[in-house]
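In what comes next, chain A is part of two complexes: it sits with chain B in the first one and with chain C in the second one.
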Partner chain A sequence: MKREHALLVLYLAAVIVTTVVHDPLSLGAGLVGLLLLAGRKAARLLARCLRVILVFNLAVSLGYLVLAHVHGFSPWETLLLINLRVLVLTLMSFLFIARVNLFRALDFSPTLTWLLGLAYSQALGFQRVHADFRLALSSRSIVRPGLRDRYRSSAAAAAWFMDKALATARESAHALRARGFFGD
Partner chain B sequence: MIKLAGVSHRYNGSAALVDVSLEVAAGEKVVLLGANGTGKSTLLKILDGLIRPDRGLYTYKGEAIDPRRLRDPRLNRRFRAEVALLFQNPDAMLFNPTVYDEIAFGPRQLGLPDVDDRVRRWAERMRLTPQLERLPFSLSGGEKQKLALAALLAVGPRLLLLDEPAAALDPRSTGWLIDFLAELSITVITTTHNLSLAPELGSRALVLGEDHRLIHDGPIEDFLADQEKLLAANLVHSHRHRHGELEHRHFHTHDWE
Partner chain C sequence: MHLPDGFLSPQTYLPAYALCAGLWWLGLRRLKAQLDVDTLPRLAVLTALAFVLMMLAMPLPGGSTVHAAGIALLAVNFGVWTAFLAISLVLAMQALLFGMGGITALAVNALAMGLMGSVAAWLAWHGLRSVSEVAALILAGWVSVALPALLIALILGIQPAIAHDAAGRPLFFPFDLSVTLPAVMIPHVLVGLGEGLLTWLGTATLQRLQARHAA
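Our next item is the complex of A and B:
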């Protein structure tokens, strides 16, 4: 078994374990272990994870708080559990992606490799274009852009992405088909 | 007007620009040449104050410019009213609900009294008058390019930075663009990798080599006559040509369609 395949199996097993563990202490220990594994980049990685999950966790936590208030039970232990679990899963995924070549890890399945190639090429392209939309707004803003301008710029970017996503997906699918994918 | 001193920049550890120094005087028409990935767009973004170089200094009219310094609203207003960048992808620049609003965006920010006059004048020059009420997103590629240019020029900039402005244009529109730029009396820096088009866009060439360093700064004719530099810039190539029985190879370009 290749190193990447072994790490993929290990990662999937860790995801399952994290999902079925209901003890905040164990999840906390897992979090510490992952941060130790991250080494010198731990603080930056943790900050990145917190940024990524902030909106999702806030929405879920606030919803649960309202539910607990209406039904009159204590929400704190469950909230700690949910937030810790999401953080551990996110951190684990970031670590996995940073250390494992996903294309090698998924090379046993042409379909999965195709899906990964599609997602990866689109993500890279969109990252570059998103930066251009952001910079173009700065470039054209003689005064600090207001909320309305930011909203309009974001909406234009979203419309552009939707349009291009369809075209790029079609193009990538044709390119991969030409290279012999879809045969598994 | 513009001075770059020892400017270098890297993206995720990869060099984009290495030790670039240059000066551009007011009113000059400069062509920035280089193969894909040599740092032309990065250089324009530094000149527009959007990217802070890792090393070196950029000054515009004697004032140091970078994104951090442009957080000062007074400097930002002064600089952005004078310097305009046309992005390679005009879609990134268009976000207003109508073509009219798109052209009016800059003049409105400046609080100018003649917004309507400016919009109609630039729409007319760009042949966009029939499209004024249309959604910018629905325009063709060439029309978007012209709209983005009109939106920038309506502000009245003193320095215009153009990133591959002819890349998405058909031959007729490219001809129109060359004539249009020749009529402008402001400073213009245009990037291209099209050698045939370059002499039409300016008399002075700045050339970035594949090592991301400036390998030529001078008259464009001198660069076009220097085969060693053309090869170093990866702007020409050679392959076999067949003329009946005769076969030979020489350096050339295929970029003028």
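Our next item is the complex of A and C:
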């Protein structure tokens, strides 16, 4: 078994274990272990995780605090468990993404690797263009763009992405045909 | 709309993965059966398109924004299986390559958004298109958001009942159906209207572009 395959299996097993353990101390120990594994990147990964989970977890936690106050029960043990588990799972995923080449981990299926590779490269390109569209709107506006301007900008961007997607699909098909991908 | 990591019990996400794995296998088998030089690149690029459509913000009065999903747009124009596989790939990419969403929620999100959203959109479009093409597309967009949201609200809302400790304290998502149904459904019923407009205008644009590319 290749290193990437082993790490993928290990990651998936660790995810399942994290969701069957309901002891905050054990999850806390897991969090410390993951931070040690992250090494010098630990602070940066932890900050990224907290940014990602903050809004949803804060909304759930505050809602549960209100519910506990209204019904007169202690919410702390539940909140600690839930938030700790989410943090451990998120950190584990970020660590996995940072350490493992997913394309090698999934290379047991050539079709899947090929699909994921092309989709990912296109998505990265589209993501960059999407950022350019946003910057273009703000750099060309003296005051904050109004609702109509933002609608028009989003609509123009969506139309551009559809046009580009159709053109890219045709170009990729031509490239595959030219390279004899289907033997024709 | 989609669920983040860590709020679903293994009693929920493991059966969801088992079901989804079967559907992914079936979808890929169908894809391979009709495999030609256009199939794979089209699926890959539509996946990237769905990914970027989910990033496009639809402005709301008051300064806030919601995000499009593009599920109905894909289902109506490219079929249910293509939409299901593309949305599943987007969710997998978001979870495993971009660190958004979550691995434990992936299968439930794929079943809700990718499968239920696509099937509902396709049925709504086919059922109503003979009456009014525009109304059919708007309804397809609306149901592609509203029905997955309902499924997600139901799945979240049953977590306290199926995963709790001996004292009855929830181990995963802590709110029951009386909270999740209104909290998830009310915004998504409204967001669905925007998705309906996107499906209508997006389909008109896509058909115009397809005609231009075919020429």
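Keep this in mind: the second predicted complex is superposed on the first by the 120 of 184 C-alpha atoms of A that agree within 3 Å, B and C clash if a C-alpha of one lies under 4 Å from a C-alpha of the other, contacts with A are read in each partner's own complex, and residues count from 1 in each chain.
Going forward, contacts are C-beta pairs under 8 Å (C-beta built on N, C-alpha and C of every residue); 3 or more make two chains touch, one makes a residue touch a chain.
From a predicted model like this one, the values you see are computed outputs, not experimental measurements.
Chemist: Thinking of the overlay built on chain A, is A:155 touched by chain B (first), by chain C (second), by both, or by neither?
Modeler: A:155 sits against chain B and chain C alike.
Chemist: First (chain B), second (chain C), both or neither: which does A:140 touch?
Modeler: First partner only, chain B.
Chemist: Give one of first, second, both or neither to describe whether A:54 is in contact with chain B, with chain C, with both, or with none.
Modeler: neither
Chemist: Where does A:32 make contact in the superposed view: on chain B (first), on chain C (second), on both, or on neither?
Modeler: Once the two structures are laid over each other on A, A:32 reaches no partner at all.
Chemist: Which holds for A:66: it touches chain B only (first), chain C only (second), both, or neither?
Modeler: So A:66 meets neither chain B nor chain C here.
Chemist: Given the superposition on chain A, which partner contacts more residues in chain A: chain B or chain C?
Modeler: The partner making contact with more of chain A's residues is C.
Chemist: Report for A:10: first if it touches chain B alone, second if chain C alone, otherwise both or neither.
Modeler: Neither: A:10 stays clear of chain B and chain C.
Chemist: Check whether A:122 is in contact with chain B, with chain C, with both or with neither, and answer first, second, both or neither.
Modeler: Only chain C; A:122 stays clear of chain B.
Chemist: Which residues of chain A are in contact with chain B in one complex and with chain C in the other?
Modeler: The overlap between the chain B and chain C interfaces on chain A comprises residues 129, 155, 157, 159.
Chemist: Which residues, counting only chain A, touch chain B once they are in their complex?
Modeler: The touching residues are 129, 132-133, 135-144, 149, 152-153, 155-157, 159-160.
Chemist: Mind listing the chain B positions that touch chain A in their complex?
Modeler: Contacts found on chain B: 45, 48, 50, 67, 73, 76-77, 80-81, 84-85, 87-89, 91-97, 105-106, 109-110, 137, 151-152, 155.
Chemist: Would you pull the chain C residues touching chain A in the complex into a rising list?
Modeler: Interface residues on the chain C side: 4-10, 13-14, 28, 32, 35-38, 40-49, 51-53, 55-59, 61, 68, 89-90, 92-93, 95-97, 99-100, 102-104, 165, 169-175, 179, 198, 201-202, 205-206, 209-210, 213.
Chemist: Using the touch definition from the top, list the residues of chain A that touch chain C in their complex.
Modeler: 12, 15-16, 19-20, 22, 48, 52-53, 56, 60, 63-64, 67, 77-78, 81-82, 85-86, 89-90, 93-94, 96-97, 102, 111-112, 114-116, 118-120, 122-123, 125-127, 129-130, 147, 150-151, 154-155, 157-159, 161-163, 165-170, 172-173, 176-177, 181-182, 184
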